[in-house]
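Following this message is one structure expressed as structure tokens.
Here the chain labels run A, B, C and D in written order, and each chain numbers its own residues starting at 1.
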């Protein structure tokens, strides 16, 4: 079977949707030359009207996409760096997200925002290394963080076809992931449906994006020591597959969340909260996250120290298993 | 004893700090004419160099304040509406917040951002009614939401004197609160120290800002029915008084959080998460919040329906007490 | 001529009645009255065709009415009724009527210009002949996101007309204290033609707008119109209660001396004018009756329309 | 004359060596080389006095070196060492040296202009004579927050000089496809004088900057300098690996034909030039030795400096 990389899966999803639906178009910085490689080949295939290179005017082009969506298009914006989402937070959370309710359902805003290379890109330091998915979940903008090439394809396709704004985070730590698969099996994946990436009985590890792969590696390692860890990948941060989380934790009775973002009011906090509301646990749950307020320092060892790592995850799983 | 209103307390804090420290200055829209009343009289007292009316350029004037802070000033920005914080999210979360770490401690950015009238202002509808404190807590920017006039004074003074950026939310529902007090007792209040607003033994109700008053009213009501509810007001959303919350919940064994913002990854989620990590509960905790993704509809009854209300709180407290 | 008069008169009387409804509590939260600026909405919208679109502002009733929205449904919206343009979900600052190409008032100053630009670009890429008009105030000229939109529109030759209503103030901030350089120079610097128009005279506005629309339809890109006007009333009705001192009484009376309703009215015979006035009053009487008689939305449906697929 | 040569030569050689350290893996994450643009940093910084301040960009090594920062500490920063300007916490895109008034490189295009404006305003309000210089690229001319800063600076007559390094591209985006109107017209529209300068000649840049600084110090507000230049190397070292086609080889060789190091070098005698070159090499040899020998920061202190009071 051919191998598909995560990055190539995003590229394929964009190409397929551009092909399928004339309302779809792409805009963003350096997407013609495909500086991030996500749009490689698409300008040549679809031309300047469908692959629109923009000036450095993130706020205006984000609203521009909203306007185009109001007029019937399905724009897909590529943002080069995650902090650009801070810059356009008003345009997404306060404009695109709110049009439907505010107008009494007169319109819809099907815009997709893609950030290939979210989180830490080695050496890009403080202003380029964030993972702000929880911010969008909090304001209620649909948010996905795929972990595998097939999910990257399927969730991006669904995001584009969705009639609401959707933010797609493609963690830089996942872009290189490759998967053997039959391309014919690539298909849309519904938002809000998690996936048991590995089943287990002793503890549920909820992980997102690139950390799913770390969680799987840790689960492998622990299996050798007789510990059976289940890895649950929610795939969508909002809407969240609460039932899926609850079902898994209901079986294992123990919960660890690993989340490459800040702790306070983050993704992990929400998982702990829904589990507290709905499950009985055999031990207190734990979060493995970036520290609060984290700004990623440049020096490599420091950058790594701030992100959740496998050793930390192992230690926390062990602690949760020993508890009570 | 004289009565002090919450709004007047903010005004007094600004006046006192302008008086005390020549490095303090105010900037914002219509603060000369004091359209929001928060800066009433200050232009006449301190002049145009210390009370700076700005053009409608929120992004530039937020960074301008950062620059002034780097040069030794202590700017205080008034934002007319909460969604302006969305517009300047990059400038606060990615610039002001990050300078200290990124420069290896070469500088500090003591800027205070004040939003008088956060949350729903009756009739201001979708784009003017948010309560985005959890967003700042998540990225690690110090965030306070005072509930009383004395706290409004004391926390704003502390925010201004703090060497880091601090966001101060003054909920519109609290601006009219008045308190009998001896003005001589007004004093700075440390960030990160909560307050038991009412002690009780059966359940801990964690509330913030204007909702503290609702929680107190509900506790009064329940007292008549033999239920003893403790009301805990964290005052600061970040840094959070985790020990204070844990101490209270440790005593009561039950937790309800009432929070005028969206549920997912919000303030209430964080409270549930820290309690899940550290406390044994006699019943599952509950959140009374705005619904996820909430956009406040204009029509009054709908606007009210989306915000947490006293009846809802009573019902949830009763449910938590009946549980298990 | 009569049409323009009908429009300015309709807007004026709508606003005066709306202010009364604010006083009486039927309209909750207040409004930003458009009084004094009616000629701009009237002239701009008279130049638009059926497939054209517009975006509006916090001070948007005039734009919506001039574009032909039903005054009863606008009033019902201001009163938060189910029959309102937005089913009572939007209120004064978000009034929209997509059937008429009104993509919505926007409560964030400077936000709508780029939305209108995107809509106009999309229509053109779909092969439609649409022109977009986007209204904003002098205050918006300092919002970076609007300035960015000027660039996108000029760069891509988008059929959009930028209509700046320079009423001298952004809330309490005078233009001279807020804007370095000049408004039209700023627009021209982004490579589009910019003109200053007498914003008190609907015919002057219409004339300038006709040229701008023709240019846009011919594929020659955006035009910028600075319409010089004066806000006769408060920034927002809250100012009726708060005392904010930023305009002298002399200035206000000079400003009011050039009234669009009078300027356009003087072009009609007394009889014609009286007929239009009566027509407007009965239209607004009927509108008030409909609005006041309309149902309030059900609080259980507070989050209807939150997402495209339903709540 | 010699000083300007020393600066451009220092920057050039620093960058060439830094690129080697990227290749060898000593510098992690890559850099945005300043090669070809050295005259601008050299000319601008030569006009600044000791109390002046500056802000820099993602392509900032030249600015930092021209302002007099220790090359060893800059290199150590790029290598993430504890002796780095930012103690290894900032890296290439955030290099700062507050002791020299370098308020930091900024990785967000267009963000620093308003920061510099605020710093200059603050200094003036404290009675100091400070002028701020703020560097940015042609791409930043489309960022609304920078345009907003132009307005604040001109409105309040802030002593700041806006230095636009027009190197023809924002990453792969040519200026002509990105900017409607002209760069200087845009600046002038905000009410400040704007000049186009030969950005390959350090003396021309210095001359223009001297005038701008004098104007600012005299209390006459901001000036805008468009320095026309060419980026000789990649946008970022990642481009050394990725094939991005957006510039023709002819264009690149024409662009490289006007080299600031050669232009300024030609003004020195061969002997003087050789002496400076040798001086620069030994300075950089020493810098490399210091940087490579410096300790890595302790991961346990990863969050030191996160808040002013400590972690």
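Convention: a residue touches a chain if its C-beta (ideal position, glycine included) is under 8 Å from a C-beta of that chain, and two chains touch if they have at least 3 such contacts.
Per UniProt, the chains are A, B = Alpha-ketoacid dehydrogenase subunit beta; C, D = Pyruvate dehydrogenase E1 component alpha subunit.
Since we're looking at a predicted model, the values are computed, not measured.
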Centroid comparison with chain C (C-alpha atoms), farthest chain: D
Rounded Å distance between chain B and chain C, as computed from the means of their C-alpha atoms: 35
Chain centre separation in whole Å, for chain D relative to chain C (CA means): 45
Between chain A and chain C, centroid-to-centroid distance (C-alpha), Å: 40
For chain B, residues that touch 2 or more chains besides their own: 55, 57, 59-60, 83, 87, 90, 94-95, 101-102, 125-127, 140, 293-295, 297
Multi-partner residues of chain C (at least 2 other chains): 86, 88-90, 94, 106, 108, 142-146, 148, 151, 155, 177-179, 303, 306-307
Pairwise touch network: line, ring, star, complete, or other: complete
Residues of chain A defined as touching chain B within the complex: 83, 86-87, 89-90, 93-95, 97-98, 101-102, 125-127, 130, 132, 134-135, 137-141, 238-240, 261-262, 264-270, 272-273, 275-278, 281, 284-287, 292-295, 297
Chain C contact footprint on chain D (complex, rising order): 142-148, 150-151, 154-155, 177-182, 185-186, 188-192
Chain A to chain C touching residues, read off their complex: 25, 49, 54-55, 57, 59-73, 75, 90-91, 94-95, 99-110, 140, 162-164
Residues of chain A touching chain D in the complex: 29-30, 32-35, 37, 53, 55-60, 83, 87, 121-128, 291, 293-295, 297-306
Partner chain A, residues of chain C touching it in the complex: 53, 84-90, 94, 96-98, 103-104, 106, 108, 111-123, 125-126, 130, 144-146, 148-149, 151-152, 155, 303-309
